[in-house]
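Naming follows writing order (A, B, C and D), and every chain is counted from residue 1.
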Amino acid sequence: MDIAFLGLGTMGAPMARNLLKAGHTVHVWNRSPQAREALLQDGAHACDAPLDAAVAPVVLSMLADDAAVAEVIVDSGLLDALPEGAVHVNLATVSVAYARALAERHAARGVDYVAAPVVGRVDVAAAGKLNILAGGKAAAIERVQPLLDVLGARTWRFGEAPEQANAVKLATNFCLASAIGTMAEASALVRGHAVAPADFLEMLTSTVFAAPAYQGYGGLIAREQYTPAGFKMTLGLKDVRLALTAGEATQVPMPLASTLRDGLLEGIAQGDGALDWAALAKVSARRAGQQ
Amino acid sequence: MDIAFLGLGTMGAPMARNLLKAGHTVHVWNRSPQAREALLQDGAHACDAPLDAAVAPVVLSMLADDAAVAEVIVDSGLLDALPEGAVHVNLATVSVAYARALAERHAARGVDYVAAPVVGRVDVAAAGKLNILAGGKAAAIERVQPLLDVLGARTWRFGEAPEQANAVKLATNFCLASAIGTMAEASALVRGHAVAPADFLEMLTSTVFAAPAYQGYGGLIAREQYTPAGFKMTLGLKDVRLALTAGEATQVPMPLASTLRDGLLEGIAQGDGALDWAALAKVSARRAGQQ
Amino acid sequence: MDIAFLGLGTMGAPMARNLLKAGHTVHVWNRSPQAREALLQDGAHACDAPLDAAVAPVVLSMLADDAAVAEVIVDSGLLDALPEGAVHVNLATVSVAYARALAERHAARGVDYVAAPVVGRVDVAAAGKLNILAGGKAAAIERVQPLLDVLGARTWRFGEAPEQANAVKLATNFCLASAIGTMAEASALVRGHAVAPADFLEMLTSTVFAAPAYQGYGGLIAREQYTPAGFKMTLGLKDVRLALTAGEATQVPMPLASTLRDGLLEGIAQGDGALDWAALAKVSARRAGQQ
Amino acid sequence: MDIAFLGLGTMGAPMARNLLKAGHTVHVWNRSPQAREALLQDGAHACDAPLDAAVAPVVLSMLADDAAVAEVIVDSGLLDALPEGAVHVNLATVSVAYARALAERHAARGVDYVAAPVVGRVDVAAAGKLNILAGGKAAAIERVQPLLDVLGARTWRFGEAPEQANAVKLATNFCLASAIGTMAEASALVRGHAVAPADFLEMLTSTVFAAPAYQGYGGLIAREQYTPAGFKMTLGLKDVRLALTAGEATQVPMPLASTLRDGLLEGIAQGDGALDWAALAKVSARRAGQQ
């Protein structure tokens, strides 16, 4: 398939590479051109500007946030330049409100819009084992399903409105934040009783909480290893805030999310914004006077 | 081994049966005598009062809470009647403060005290696959290890002070409460965006949260199946309160636990105290005006 | 002084009238023209569009929110049409971020910008006894001080940056929300012990909490009188959210504000968004199963 | 009237002195005898042990907490020694549960029990201007009303069950905690925007929040003057915990109280437990990275 891929960050680059490996023709763009060099050597075609991506009838993007999507997809002129009948697959975590606005904008242009935020970190992306949360018209999703099958282990569909997939993604990231924050408080509790958090977490994540989320973040907390950050506290704050906003839009109070937001903000205020959000454990320890 | 087992409730009965099956001589007592009938038919010996348990040098108890332990073990005269060198294994979830007091009281009597609260629900107990969180002197634990091996898949040791195991148990139950409360809020969020919670939870618990805790409680929430209660909201409130109290004892603030306490209390105030604590999902839904 | 006044809602109308009574020449505009009739009969001059307000070198506005200010002051062309050296006094509660943006925009046009959000409800506005929280260049504030003296009992200055006054206003409204939410929880607590909230609140607001905020809202709670709304729950939610956002901008966690936000959102979800925000007392009572 | 007064701490001593000045015969007891010296010189009679207070038909006590009341009134043998028809006025803040238990115990002995916790700090006590929250049988309260009139500006009655007055007292102290915590967060918010908290608080407590609670604690926060403590953070934590427990007893969730509990606990964990509870402002500032 002839496709364009915009956004070659830590997640986007391995995803684009997998598409290339699978035999697709891939046109790549990234804000800083050096990120695309390796891909070009492997056979990707260079786009010098987002607008150049209009050559492909299928555009995938993996951009940082609402503002980046607005700039690269809309303000660049790309959306207006896409041929009618094209499809845009937005793999990023964006706000529900912006997802809805984007969907309307694409519809007005006659371009299909598929929200396809992903669950999984860099290594999972590289292995092509992501879980993909898809929202959008069934026909549009089916059209790009071969591409999604390259990127992920499984595609989960959550409705005809693209923003439904974004709501599910934000709900999932809230669950991750809560898992971290919960292990953080629980670790402070057992430390207060002279039990090493690592011992507690080993038991916890080998038994009733033997899941990737707990094992991954529990390991970071046990080792107090918050750098390099897989996902920064500042990004965590952003996503929890987006979950709260998505809740507010449909009048869903989320007091646990509020508490997590306050904790992430506190960690950032202490200067730890660039650490992995597992550093919520530092916040809990500091509150308890344990460091 | 010649042992006594006090407390034949939904958890205690299958544990006592497993000990019997493993060839031990088991003297059993329960507040309501009918609970022991089946065990007596299988070869257990009857104790008509807790004090009768003093015939065995090893006493295990699985009682409801601090008050029940105080009544059955201490006020009954049993502790005073145990021979010096006996060992008492307390399998129940009690408060950290009472665990410490009990340990002192046993020490004063020359009786070894092992805290061994368990992780796992009834079916796990019946299968002898519990995870046992042990606290106490190493020699005492080793002495009863053959019994713990009958009851559980693995024994995790958390320190020489018995109450350390209770702190870990309360931390674990707090993590369970948080997992439930988190799925409750996340489910309300996605429902607000017209996504069925069951669809969201299936994805969540098949991927990054594929752990028994999430799968079990996620299933109950997906099916809105809160009765029969595996663990009632009132018991959940008790355990979260004990976790908060254990935190306060060593100056560990736990704002997520506070939020969960408020949610459980709200559910109980709405008349749902006898439902499974997975009914925190009803609290989140009600707050959002979804029911 | 020759002035224009835009926004003749429940607060704006009595303020404009007071300026008229004090002998100033007042050009008035309002979205729905009927609101200006009474003022025109009293001698005010009509503006048919916001742009008409450019005739006056001093413009005051009392508009609903950020969006209304953007539409009426900026998008209408008014700001661009104002003569260099004019001054705009924004009496409304807007977000800190938008206040900053507005200040920059005015500066670029050579128009002075004074933020002057007010504390006090309609009757206080009518009596010309508002407390005015002023932010902006000293010279600009002094220039409009005679007008502020007509509107308020006192002008409090909070800095050269206009948005500082907005931060203080949001902090004040947060304090009001907290006073209400606190009386709500305390009333539920005493009701749970068979004490009438009215009796408790009479004592409270006659003694250590004998302040207008507590007496006013305490009275509403005691009488369960939530309509007509002096300030709707939806507006309360907006202002608490703005306070949280202003906090986030400078990394200030505000967990009490988060809790209040969740309570207001819950009340709105229950269908009470149009009630006075004193109806937080209904939220607390409902959570406790008291209604 | 012939009365005994037990507990001559910072609050009790001036109260006993006022009773003495008013012409009553006062028998005084205190744990550390030096506290009673000044009162003896002024004409009070010494009790060497709590039991000696049984000489008076009216006993007032102002003791630290549940445990102190239990020790001094019950375990000392005083309650058993009081003549039938005597009355005990408990001026202290105790838990609702213990208040109820005490009332039953007094009733069994034929001794009237009046709960009369007071609102006001030391200077108010010295001026005889306390607000007294009375619970108990009307006849019993009327009997001691002449004494309460000496101690306070006004007696507020809250029901026939003594613990109702304790519930009101705990609700009042929760309101104080919330006022402090709210000013703490609001001060951090304005400081984040370069407004001095003292400037903000002066405005706040001169206008809508012009009440003793806000002016007193607002002044402490403005001056960052947390020592000497009028009321320590540790005592504040105790009272907020008692309010939460009193709420739990009748299924009243109090999320603002939970948040305040966490904040007080955090302050204590940071080593500030002996500071005035106005030091919640330090907690908010620290969370925001402002110190």
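Criterion: a residue touches a chain if its C-beta (ideal position, glycine included) is under 8 Å from a C-beta of that chain, and two chains touch if they have at least 3 such contacts.
All figures in this text were calculated on a predicted structure; none of them were measured in a lab.
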Please indicate which chain is farthest from chain D, where distance is taken between mean Cα coordinates of the chains.
A
Since chain B and chain C are copies that touch, just let me know if over half of their interface numbering is common to both, same, or not, different.
same
Turning chain B onto chain D with a C-alpha fit: angle in degrees, nearest 5?
180
Could you put a whole-Å number on the gap between the CA centroids of chain B and chain D?
38
Mean-CA-position distance for chain C and chain B (Å)
52
Rounded to the nearest Å, the gap between Cα centres of chain A and chain B is 37
Can you pull out the residues of chain C that are in contact with at least two other chains?
247, 251-255, 259, 262-263, 266, 269, 287-289
Make each chain a node and each touching pair an edge, then name the shape: line, ring, star, complete, other.
complete
Can you check the complex and tell me which residues of chain C touch chain A?
237, 241, 247-248, 251-255, 258-259, 261-263, 265-266, 268-269
Where on chain C is chain D touching in the complex?
96, 119-120, 131, 133, 156, 158-159, 161, 163-164, 167-168, 170-172, 174-176, 178-179, 181-183, 185-195, 199-200, 203-204, 207-214, 243, 246-247, 249-257, 259-260, 262-263, 284, 287-290
Per the touch rule, the chain A residues reaching chain D in their complex are 255, 266, 269-271, 287-289
